[in-house]
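Pasting a structure here, questions to come.
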Amino acid sequence: MKVARVVGNVVSTVSTAALDGRTLLLCAFVDPDDEETGGYTIAVDTVGAGAGETVLILDEGNSARQVLADDTAPVRAVVVGIVDHLHVEPS
Amino acid sequence: MKVARVVGNVVSTVSTAALDGRTLLLCAFVDPDDEETGGYTIAVDTVGAGAGETVLILDEGNSARQVLADDTAPVRAVVVGIVDHLHVEPS
Amino acid sequence: MKVARVVGNVVSTVSTAALDGRTLLLCAFVDPDDEETGGYTIAVDTVGAGAGETVLILDEGNSARQVLADDTAPVRAVVVGIVDHLHVEPS
Amino acid sequence: MKVARVVGNVVSTVSTAALDGRTLLLCAFVDPDDEETGGYTIAVDTVGAGAGETVLILDEGNSARQVLADDTAPVRAVVVGIVDHLHVEPS
Amino acid sequence: MKVARVVGNVVSTVSTAALDGRTLLLCAFVDPDDEETGGYTIAVDTVGAGAGETVLILDEGNSARQVLADDTAPVRAVVVGIVDHLHVEPS
């Protein structure tokens, strides 16, 4: 999984009914110091995450289909949690 | 998923009948500011996207096969939507 | 597989029961000289690894589901071992 | 899919019968301007591509197995077409 | 597939019986000029490769399970061949 910050969303008419009505979140990956790394992805929301929130993203098709409870959904990246705390041990 | 801009297409005789007659779009990934990142991919069109349009790309084999409704198609990246609006929250 | 150092953990309420009670380790990839590469991932612990330990990470959904003995778990990266020794041959 | 230029081949005795007699092409990825990006991969030939030719590479296990018509072949990247023309729209 | 040089090995007690007794090779990716690229991976040996040898790595779960002849092995990257010759065409 990866940690990312929700920075917006994507409005798009998709060609697949399985994603109709789903919120597509625009997510910027962050490093353990909470700095954006420059990478980003579009993930299907499953937790009601909003802009500015730090989230956990799971990026694997079979996992995403399990989370959406839809065996045939064409989907790969899903937001599976809101990060309450990113605990980094002092080194 | 990733957001990309359609910048052209690829003309190729492919070795697999499942892709015959499919349009292979040359897509340049863009960041949330709509700037090209330097990466690109070739994706099968499913929405009639044209050059200059911003699209949503889904890059996973089982998803792509669902979208094409062909359980055995050798395919991984498909264009699944045209992006109407990329909404970035002010930070 | 990749070698990484455990640098912390993530506290998050996840949307999927399969990960309830699992420890989500924040792991920084290291190179053969044990230097951090700048990349990192969040992996599900299966060996009781703690901060500062060097671990082996397996990053594939079907493998992760085998390791967790849960055929439908939405998971991709798991810590599968603690590295006792990273042996680099002199070149 | 990705576009690449065939720059050579690999001679190797492989541990798996499914790849015996297959040509393993050394392929350098190119960008839409036909410049090499610095990345490369080894792909199984299925179209009789030779050095200097620009090809389409499909990099997904299940797709590759379909193209080779071998459900259990251990393979991930295959050359599925020779690129006749890479059409880039003027921006 | 990728070409890599074996630079060492990893000694680790892994949490999964399927990998017990397997040699985990530390492999540095090389480019067509045989220069290390800076990337590396840990791959399960299947050919008896030793330090300094150039090898072919196949990095896909289902392929790796076929090569190990173990349908449920949690594994993704395997060394499937020793490279006898990396033939690069003069451009």
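For clarity, chains are labelled A, B, C, D and E in written order, and residue numbers in each chain start from 1.
Keep this in mind: contacts are C-beta pairs under 8 Å (C-beta built on N, C-alpha and C of every residue); 3 or more make two chains touch, one makes a residue touch a chain.
Predicted model only: the values in this text are computed from it and were never measured.
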| Expressed in steps between touching chains, what is the minimal separation of subunit B and subunit C? | 2
| note | Shared touching partners of subunit B and subunit E are D
| remark: Taking each chain's centre as the mean of its CA atoms, subunit B sits from subunit D at a distance in Å of 19
| At what distance in angstrom does the C-alpha mean of subunit D lie from that of subunit C? | 31
| said: At least two partner chains per residue is the criterion; list those residues in subunit B. | reply: 61-62
| Looking only at which chains touch which, which shape fits best: line, ring, star, complete or other? | ring
| request: Could you list all chains around the ring, opening with subunit D and heading toward subunit E first? | output: D, E, C, A, B
| query | Which residues of subunit B touch subunit D in the complex? | reply | 6-16, 18-19, 24, 26, 28, 40-43, 51-52, 61-62, 72-77
| task | Name, in rising order, each residue of subunit E that touches subunit D in their complex. | result | 1-3, 31-32, 46-47, 56, 58-64, 66-67, 78, 80-89, 91
